[in-house]
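Pasting a structure here, questions to come.
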Amino acid sequence: MIGNLFTEAVLVGILASGIRLATPYLYAAIGETFSQRSGVLNLGVEGQMLIGAFAAFFVSFTTGSLWLGLLAAIISGLLMGLAMAFVSINLQAEQGISGIGFYLFGLGLSDLLFQKMLGTVETVSGFRPIYIPYLSDIPIIGDIFFNQNILVYGAYLLVVAAWFVLNKTTIGLKIKAVGESPEAADSLGVSVARVRYFTVILGGGLSGLAGASLSIALLNVFQQNMTSGLGFIAVALVYFGGWRPFAVMGGALLFSMVNSLQLWVQVLNIPIPSDFAVMMPYVLTIIALVITVQRVRPPSALTKPFERGH
Amino acid sequence: MTETQLLPSGKPIISQLEMLNITKRFPGVIANYKVNFDVRSGEVHALLGENGAGKSTLMKILYGLYQPEEGQIKLDGKEVSIHSPVDSIDLGIGMIHQHFMLVESLTVAENVALGLPSSRGFLTDLDKVSERILELAEIYGLQVDPEAYIWQLAVGQQQRVEIIKALYRGAALLILDEPTAVLTPQEVDEFFITMRQMIDDGHALIFISHKLHEVIEISHRVSVLRDGQMIGTIPTKGATKSKLAEMMVGREVGIKKDRFETDTSEKRLVLENVSALSNRGTPALTNVTLDVRSGEILGIAGVSGNGQRELAEVITGLRPVTGGKIILEGEDVTGLTPKQLMNRSLSYIPEERMKDGMIKEFTVAENLILREHDLEPFSKNGLLNLKTISAHSEKLITSYNVKTPSQETMAKNLSGGNIQKLVLAREISRKPHTLIAAQPTRGLDIGATEYVHLRLLEQREEGTATLLISEDLDEILALSDRIAVLFEGEVMGVLHQSEATPEKLGLLMAGVVE
Amino acid sequence: MNRKRQSEVVSKLMDALLPVFAVLAALAIGAVMLIILGANPIEAFGALLEGAFGSANALADTVVKATPLLLIGLGICISFRGNVINIGGEGQMIIGALMATALGLAFPEWPGLLMITLAMVVGFLGGAVWGGIPGALKAYFGVNEILSTIMMNAIAVQLMNFLLAGPMIDPVQAGKASKIPQTARLSNAFDLPRLIPTRLHLGALIAVILAVVVYILLWRTTLGYRIRAVGQNQDASRYAGIDVKRQVVLALLLSGAFAGLAGAIQVFGVNHRMITDGSATGFTGSAGFNGIVAALFGQLHPLGTIPASFLFGALLVGANKLQRVVQVPSAVITALNGLVVIFVVSSEIWRRRRETKRRTEATFEMEIEELHPPPAQDLTANEEGVS
Amino acid sequence: MKHLGKILILLTVAVMLLAGCGGGEEEVAAPEVFRVAVVMPSAINDLAFSQSMYDALSAIQAERGADKFEFVYSESMFVVDDAAAAIRDYASQGYNLIIAHGSQYGSSLQEIAPEFPETSFAWGTTVDTFGLDNVFAYEARAEEGGYVMGVMAAMLSESGIVGVVGPIETGDAKLYVDGFTAGVTATKGEAQVNANWIGSFSDVALASEAAQTHIGAGADILTGTAQMVVGAIGVAEENGVLWFGTQSSQTSLAPSIVVANQVYRWEVVLKEMISLIEGQTYGGQSFLITLENGGLEVEFNSAYALPDEVKTAAQAAIDGIVDGSIDPLP
């Protein structure tokens, strides 16, 4: 029966859904890449995603405009990012812990708003897959790559953009410098705080977008705790990818494809207990880390607040 | 010099900069108290002082990294306010920090471009930056590869990058904070050529050092700080080493200890054709053959990065050998762990004390048992014997004259000199048969250096075999019985103290064998 | 001198009270949320206090809640001191509980005291294994422990789901169509003894005793010395001949072991069987994460973690009561909990600032005594602050 | 550090003393008002298990009047330990009936109930009262509706492949899926039922992807249970695949593709319990909601044009189950 896995339909399914499932991870993980590259660990991603997911859903639901929903998600994410930035940059709070605080806050607040403003699970008609002339018609390839909604494409464009920003722009240079050696950046007049504010807020906005990709593009509903640990996996993927956008994308794709593989394993009635099937992505992630020996060093100043003269 | 005079970089000169009545406090110390200081275009003004005298603080104030509580800064007669490096850079002030302010994971060009507006807006213009770097390199004779990553560069090269960074920003006044501490004699000479060229072009240079002969060689005026206060400013012409040293320390220094004959019959440590790799996997040591005898100090001279660090690590078991044998007191100890070697009475004073020699967040007492914490009498059955540890540290603090409020003080609160005493006390109090001392006085001031030297000679007389690795030729020459020179991981030759001269050693250090 | 001493005491007292002020500030925002929701905040916070401390039962609940937080917090003290971030408390707690429960189910006839002792040991070992794996992966393969412990949590949950629905299922449930994934109830003889006639069980006492043990471990043993040395400075430890990798493994292993023990105690002291709703939280109550927060509130000191866990446990228990009394959605509690965490960690900065200020002020006094006498021949000014 | 510890302890004691003075004023319920407290594992608006109970209590309240029937709830009590504290607290406040709405709460109830012999407890979904005379048990014969749905699914499916999305293979969810599978295979022997247990009650994204996988595998009918299936319903709608709901009505989520829902009407058994309690019987019995007693209802979506023969077959299945001629769990 394992042989059933290697049919075209299944492989296409795994690839297509792997690409789709990776979307929220990508938005969140790329945002996290920026903030970690500048030296701030944001563990509150999950909370920001939930707030973003709710904002996107609620605004889309009430106004009927998905674009307004998207905007709302980004703005709410930015605000959460701003708060996180203030706490970790100005108040120099222990980042791992304040992140957990923001997670809980986002989890609670999104649920509360959901109960008070919506009251029940509703649906919206979210972003639809975009038909791209010719490309979408190519057999197999079209199904895998060119039958996705705009936020899916956006996620992959974001990876390219993130790579570009980090490697080809002045702000990218500042981000990397601030994360590696804030003292050196500071001695050249680069404002460490400003750069970190920028990345953490940007990370918040992207996390909000990650939430929106769930609530108004992939799932089209809002449900309490709908991210269910996804944000934490996104943070893990940043480590997995060694803080490099394309490697982070590789990790996200690997994780989601294995996740999609385990769903197929069950659907094809391959006799593995479902619990073990569900375990697969996690076990494989660890194995992947063991065999691809990690030589990448985290940004030297990661989690370390900067204060001049210390 | 007229006010409109321009530097080769195209920026105007700074005719005179004055710092008046500067006072600055830190938790636990008054760093500067009513300090006056000035520097002019076309001169090197040396700032002398022991560690902790307040030199770096004064310069960080000038560069905008610290704000003074009192005092003012005047540039060409006008009062200026410097709140951050942005202000000082705008005013034409550049600083070469003692600990380089470079981002290791970025390239030379990226480090130079950092924080500057780009000609392409938000996109970087590294190609143009590289061009300009090469131009400046040409003008000032500072060879660097703009594409190289900082971590690939030797210390001397990194320093050039620092200078170029400042020049690129149009610095007319350069603060050089102990720039020669990390350089070889040859590199120092080259560096002085660069400095002379800069003052000829109209730059103003502040040169911080505690190496007196360098100060005498390069500077026009000398100011001496002690305990945060300005002792005085004198023209260099006519100043003597001993005069300057006395101003610095507040007493006469430089009593030479006599060297006694010792029994050097036993070959304590022997290296036979030892080879090893560097962290990057390239050959760091090739067929090194050496012996260190009881009662002698074998000096290892060489330019930084020629295998000294690896040599010490191979002997102490921290780095695997790829070939050859290490024999300690007649037994082959190749491949033993650091712990096993330590238990064979080998002691090690590591090069980077703060990083490798002690634990900042541990107390003085805890640091003093770092090597022997699991041996009796300090512990028994896995439990620490706090009473013995306390008595032990009390004893060492007294006999090694470690200045600390108490043995419960965190090591990070001690001065550099006292930290070195701490490490020294720990390593020497074990009465080692063999001692590896790597750069034992780097970064120490005169008094502390003197102290370390006395202790090393004392060990020699007690019969310890000492391997002294140092980049300070004066130190090597003053202490060693024999001197081996390392170049690119190979021993270029071993000279007896009597036949060694700086010139001979310098040639060997450059890899020239006559 | 006396006045100086006094102001120092006041200043230290302020430091100690800081988390409390932070909690109050967070609750103030919570009050605004409650008012918006149409609830009376005074009534609500009254309920919170009552729920946490209002009766013997309430106090017992608080302590019962605090027990796993303290145990996991102790493990966190060890691992964080060793500079290893253990986010795997949830999984380690589950594995410890599973192993202890399996033992209890396998030998229902054994004497209670023997079983309880062995179950604690087995739980401890189970957690050690689950913590040791990411420890070894970090030490020998360079796998980031934040990542691997998060993954190990997910794996432990699925393992629990599998075991409780399969090999370890309650025989009564096995015969039913619905097959609730739970084990049989452990023999009554294995119940941890109650300390007073409430839910308060022996586990709380064990946890407090272990806090002292961990204190001794960290500061009075060579093992603790090494773990702290490696945590502070790997290079210096290596130079001093300490096997750095082994300490990294040990730090995570011990940390996991305490979480495993927390799991065993939770089963033998509170639940008396294991049951799963598919998530980790159903069993752990997020103790694996809250324990980290508790340890940090306790400033990573085993003894400081005792009151910190107690206060955090009180907050959790009281908040549930608040929800019941004023009937606001439970989401408010979660959000409030988050705010408390944020405010407390953020408040730390004032403690640090006061400490710096204290030291600088001391310097100002120094001025009069030390500036004018002839320059000292002392080589040792404080380099740290100066250069 | 030592100081900090001491001060914190002192402070806690102080807080405890204050709290001790403030607390203790319990309101005694007026006897004519019937007071119910319920502890539920998820949110009251989950469109699934918890909502079914909340809706039932609201229905009873609407019938009896808010002045005669009060109820309070603790939602999202997924931590068993917290639920136990809530149950004990409600019991000590003199509620007439305390419902532990979740099989995971059984052990706690078994321990607490004997301490409050005058209070009635109800535990679902199970049939076990632990032999205690103040504990009622209640259970849904979820397989009954499941079977009926399965019959319809088999007839509506063209591909002969039906997909199921479930949380973990247990309890209520397992019963429903087993019944559903039985209904499908009884109607169309060659039809295939693929089940996907995603291991979570909350992972909406994974539930949605599971639905995608089913569709990729050829399923043209989907069903699922628990609160995370809202993700799967969206996918079904997008792909024009039919959906069968259970526990609560999910029609509002996708009116065009929801065929029918099995809706739980706990009020049927709750009313029985309440009248027993009012007659001084506090427990000892177990209840079932079934198609027969109206506790389970197959609610057809009027917006979906169900072919007559399917509706007839469904009705026949209902009748067969009610009269016992069909066993939904063969």
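Here are a few things to note about the model shown:
Order of writing sets the chain letters: A, B, C and D. Residues in each chain are counted from 1.
What we mean here is this: a residue touches a chain if its C-beta (ideal position, glycine included) is under 8 Å from a C-beta of that chain, and two chains touch if they have at least 3 such contacts.
These figures come from a predicted structure and were not determined experimentally.
Of the two chain pairs examined here, A-B and C-D, it is C-D that is joined by more C-beta pairs in contact. Computed from the mean C-alpha positions, the centre of subunit B lies at a distance of 44 Å from the centre of subunit C. The mean-CA centres of subunit C and subunit D are about 34 angstrom from one another, to the nearest whole unit. With centres taken as mean Cα positions, subunit C sits 28 Å from subunit A. Multi-chain contact residues, meaning those touching two or more other chains, occur in subunit A at positions 111, 115, 224, 229, 275, 278.
Shared interface positions of subunit C, i.e. residues touching 2 or more other chains, are given as 158, 161, 165, 329, 331.
Touching of two or more other chains is recorded for residues 43, 76, 168-169, 199-200, 202 of subunit D.
Checking each pair of chains for touch leaves A-B, A-C, A-D, B-C, C-D. Listed in rising order, the residues of subunit A touching subunit B in the complex are 168-174, 176-177, 180-181, 183-190, 308-309.
On subunit B, the positions that touch subunit C within their shared complex are 25-31, 33, 50-57, 98, 226-229, 231, 249-251, 316, 318, 337-339, 341-342, 348, 350, 352, 355-362, 366, 370-371, 373-374, 379, 382-384, 386, 403, 412-418, 445, 447-448, 451. Touching subunit D in their complex are the following residues of subunit A: 9-10, 12-13, 16-17, 20-21, 24, 111, 115, 119-123, 126, 128, 214, 218-221, 223-230, 259-260, 263-264, 266-269, 274-275, 278. Residues 1-5, 7-9, 11-12, 15-16, 18-20, 22-24, 37, 41, 43, 72-82, 84-86, 88-90, 92, 102-104, 106-107, 125-126, 128, 139, 143, 167-172, 174-175, 178, 199-202, 329 of subunit D are the ones that touch subunit C when the two sit in their complex.
By the touch criterion stated above, subunit C contacts subunit A in their complex at residues 33, 37, 85, 137, 141-144, 146-148, 150-152, 154-155, 158-159, 161-162, 165-166, 289, 292-293, 296, 329, 331-342, 345-346, 348-349, 352.
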